[in-house]
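Each chain gets a letter, A, B and C, in the order it is written, and its residues are counted from 1.
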Amino acid sequence: MPSTYPNFRHSVAWLILLMEAVFIVLSYFFASDVDAGFSYPDLQAVSHMLVFGFGFFLTFLKRYSFSSTGFSFLIVILGVQCSILMENVSVLLTEQSLSGTSGAAMSMVAVVISIGAVLGKMNPIQTIAMIVVEIVAFYVSRWINIYLLQASGHVSMMHVHLFGAYFGLAVSSRLSEPPPRSEKNASTPRSDLLSMLGTLFLWVFWPSFNSVLAMERNRAIFNTCLALAVSAVTAFALSALITKDGKFRMTHIRSAALAGGVTIGYAADSIEHPWIAMLLGLLASAISILGSSCLQTCLPTLKTHDASAVHFTFGLPAVFGALAEVVSYVMKIQTTLPSISYEVILSVGAPCFTISAALITGLITGLILNFKLLKPIPVSKYFEDQMYWELFEA
Amino acid sequence: MPSTYPNFRHSVAWLILLMEAVFIVLSYFFASDVDAGFSYPDLQAVSHMLVFGFGFFLTFLKRYSFSSTGFSFLIVILGVQCSILMENVSVLLTEQSLSGTSGAAMSMVAVVISIGAVLGKMNPIQTIAMIVVEIVAFYVSRWINIYLLQASGHVSMMHVHLFGAYFGLAVSSRLSEPPPRSEKNASTPRSDLLSMLGTLFLWVFWPSFNSVLAMERNRAIFNTCLALAVSAVTAFALSALITKDGKFRMTHIRSAALAGGVTIGYAADSIEHPWIAMLLGLLASAISILGSSCLQTCLPTLKTHDASAVHFTFGLPAVFGALAEVVSYVMKIQTTLPSISYEVILSVGAPCFTISAALITGLITGLILNFKLLKPIPVSKYFEDQMYWELFEA
Amino acid sequence: MPSTYPNFRHSVAWLILLMEAVFIVLSYFFASDVDAGFSYPDLQAVSHMLVFGFGFFLTFLKRYSFSSTGFSFLIVILGVQCSILMENVSVLLTEQSLSGTSGAAMSMVAVVISIGAVLGKMNPIQTIAMIVVEIVAFYVSRWINIYLLQASGHVSMMHVHLFGAYFGLAVSSRLSEPPPRSEKNASTPRSDLLSMLGTLFLWVFWPSFNSVLAMERNRAIFNTCLALAVSAVTAFALSALITKDGKFRMTHIRSAALAGGVTIGYAADSIEHPWIAMLLGLLASAISILGSSCLQTCLPTLKTHDASAVHFTFGLPAVFGALAEVVSYVMKIQTTLPSISYEVILSVGAPCFTISAALITGLITGLILNFKLLKPIPVSKYFEDQMYWELFEA
């Protein structure tokens, strides 16, 4: 394998160049007006989250920092072009852009979340194959959400967390498991601190993310701020309660601090009382931390390797957020509206559909990624920068 | 003590959860319109300063980086809720919000400055107790400044540096002194660089901070930029003059680069000539560096341990800024206005009152924090992440 | 030398103080209205690029991180005052500001690029001397570009990359060459990662930079985003093709990711089809990486030491961007306009003039910097923080 690997690496380069050529040629034919709905401040906030936030959120592995930052950057810039192409296809088919350039960038969050689940376990060709499939699948799923299930643009975009997390987990379940106590699958205080920097970037820009497509932007921002604050505070408390000797665990803080922002996503622009946003933040944090602790002790059989705990950071909190939205609809029926039961069914159906779509396409993708042609990397080479980067000192 | 410490840590968790429950319940009763004066760009700038700026400004200790970043994050998000509550109380009592959500976030600067003075010397329960007392005290002091001393909202907010620095120093004077040459109370080049990153975040966003509540925002921004630039340049020059063999000292640069922004705070929106702003920046830097050098040699008896040199970064420059404002009033009397002597007296009185209030409440808080019940940490355990965080490698 | 060096260091301090005094006195006489065209968001974006972007872009040397970040900060804040002064001189002479405060800050990019070429090889006095000469030369060159060659404010500002790179290279060619395999002239994975953080800051804020003085800001932003994305993707592909065993090299990614933004600068606001912007990004990246590989093998005689590869990051891509603009004019002649041949000549002449001016003034400056009076540092002391900073641990 070492002798053929350089050739394989070159094929990565040609694949990337080929894709880039395709994008340029296609952009010639699509005389796009994607830039019509182009808002630079929104795009800036989303790109801060993608480039700094997720780029450094993933750098916690001690020997994988170049790949974490570098590949997530590569994936974002390659994926966003793929995503803009899908927007153009959507314009071609339905004469309507789904959500413009900012939306194309926001869709990349699904991809980066999935990367978090399989971090360090795939080579660049597998990664690129995965993101292309995922972007197409996510766009189809959004299209169905919007045109068949009548979800709003904002809500269908918030499924980005659900889709990303469960797609990533499904792919991860098809890859060989790393040995449980791998020396390389660990963090150092320094890499944890860098990862905390990434988390803080995500945390600070999350209100922007939740408000880009929202109807009432100011309310969405305010509610998201509240939920994020409460969920981060709760993270500290629960982390100390869960760990053996009452110390804080950085992984808990990282996951649960963001959980509130994920949960509040769906309803950020419709919640009218601050206390509801705060309560959702608290519960999201609890679900994230307790869920991680319960699932690992109660259901070890269900466990798939989840490198960055994306299930507990994005998956479960998003499920909970979707549930909370259903409850809010049900409560509205009892009080004001006589017959929005159709809306209730849809608000149950949309997330269920998204999760199913993510799991099914994820499993299929995972099977494809194991093809010999794609040269899946052996378990002994997991989590190593040295495979892909010139390093002059360890 | 080791055997009882886990129990103690759990009580931290319950305390945090209890506070969070109180905040949620109270937010139910206060049907708040705090979000009326809610400006997201302002809030973003302030949260960048608090989360990135102060979070990393404090990471210079070699074994305390998790706690520096993590606890300052915890304190900001817990404190800002406390602060919003105080805004609501203010609305209840006076039917007027002091300064809205952005103001609530800006008040947190006082807290984070105080944390800088006692960094590494208090356990989380002491820290939480301190910030709650400090926020209440700061709000009462602002209330008196605004309603009794007729200070403007902007000026009363600029007292945040004065209050934070002297409150922190007063608390610090009541805590046991760390041994003078503690191996742990030191920085490494790497932690210093991270701290420089934090300082640069503060430096870049300082003009936003000085302009949030200012009347003439553009002038406040322009003057602050000038003062910051000159004070940072001067910092390099004076650092080389002060140190033994003419080398630059990172601590000097960090302190003095920010001193100009602190000093110009009061008058940023009223200074009409750029040269005045530049001169204030130069003098602020000089006061910060020479003050630190003089006080340590001339008045060693007055010295209290000041972990992050907050006295020279925020305290002295703020005093100088207040003095400069008095001088500007006095000069106006001589030239244009016949009888604003009342204003002069107030501009002397307000900072004096704020400093006294900070020192008195700080001393009382310091005494309370030494109660056995709060389990003050022994000097040998100062400056150690290991006390509070799960660390897998040193 | 060690015995006299502290005295020399003190003279750095006095030089800085003297300059600061001159700036303050002159700002008293220039009753400036520079702040008329003052846009804080623009200034923020540029200062993010200068302080975080370039500050950390240059921190890749293993023992020079304090100086990289610290001195580039010093140079920016000292230089921007010098630059504002030149704006004022320009107002005095022509009754018109060249580009206001934001433009003064943007001009600093030339200086920081030049610093990149000579990184670690000059003492602070040489550095300060260099930047003062460079700022004056760049302003004169812009003045000639605008008033004699009729270039627009935007285009003349985009020459900042050309001027910075070739001025820096010319200066560097006059300094003694460091030994080819110096142990200190190397990076560690950690310093490379920090440098990547700086690069990402530059990358994210580049669209703002290209649009500050552009006529059609939204188009400039959109085209720059496209070019940057394509050039970063191409960087990964070409890096894997060029290196011996198909691995990615961080230096390639850093250089080529930015090349697209540099190239598109000139025409960002006039390109009408996204595919042109994307193609320019791809070619810029290719020129950056292939150029670096070709020049080092084909023309070793031409090679001057270029510490941060500024020739391939900023120089060549800017030349290519200027060429692309000429081509676009030529094509316009063939299609729509009968006689803009004068414009073609100017669009050839302006960059040629800028490069010549940069090379000539750079060579002269390099000669001056070798004067004994300025105490050029010996080769053995290159790339060392210890010369200028108090370090308590290596």
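Just so we're on the same page, a residue touches a chain if its C-beta (ideal position, glycine included) is under 8 Å from a C-beta of that chain, and two chains touch if they have at least 3 such contacts.
The chain lineup, named per UniProt: A, B, C = Ammonium transporter AmtB-like domain-containing protein.
Remember, predicted model here, so these are calculated numbers, not experimental data.
Novice: What angle of turn lays chain A on top of chain B when you fit their CA atoms, given in steps of 5 degrees?
Specialist: Angle of rotation between the two copies: 120 degrees.
Novice: Do the two copies chain B and chain C share over half of their interface residue numbers, or under half; same or different?
Specialist: Different; most numbers are used by only one of chain B and chain C.
Novice: Where the CA atoms of chain B average out and where those of chain C average out, how many Å apart are those spots?
Specialist: So the centroids are 36 Å from each other.
Novice: Could you tell me which residues belong to chain B and also touch two or more other chains?
Specialist: Touching at least two other chains: 190.
Novice: Provide the residue numbers of chain B that touch chain A in the complex, in ascending order.
Specialist: On the chain B side, the touching residues are 5-10, 12-14, 16-17, 19-20, 23-25, 27-28, 31-32, 35, 38, 40, 43-44, 47-48, 51-52, 55-56, 59, 65-66, 69-70, 73-74, 77-78, 80-81, 101, 190, 194, 385, 388-394.
Novice: Give every residue of chain C touching chain A within the complex, in rising order.
Specialist: Touching chain A from chain C are residues 186-190, 192-193, 196-197, 200, 203-204, 207, 218-219, 221-222, 225, 228-230, 232-234, 236-241, 243-250, 253, 273-275, 278-279, 282.
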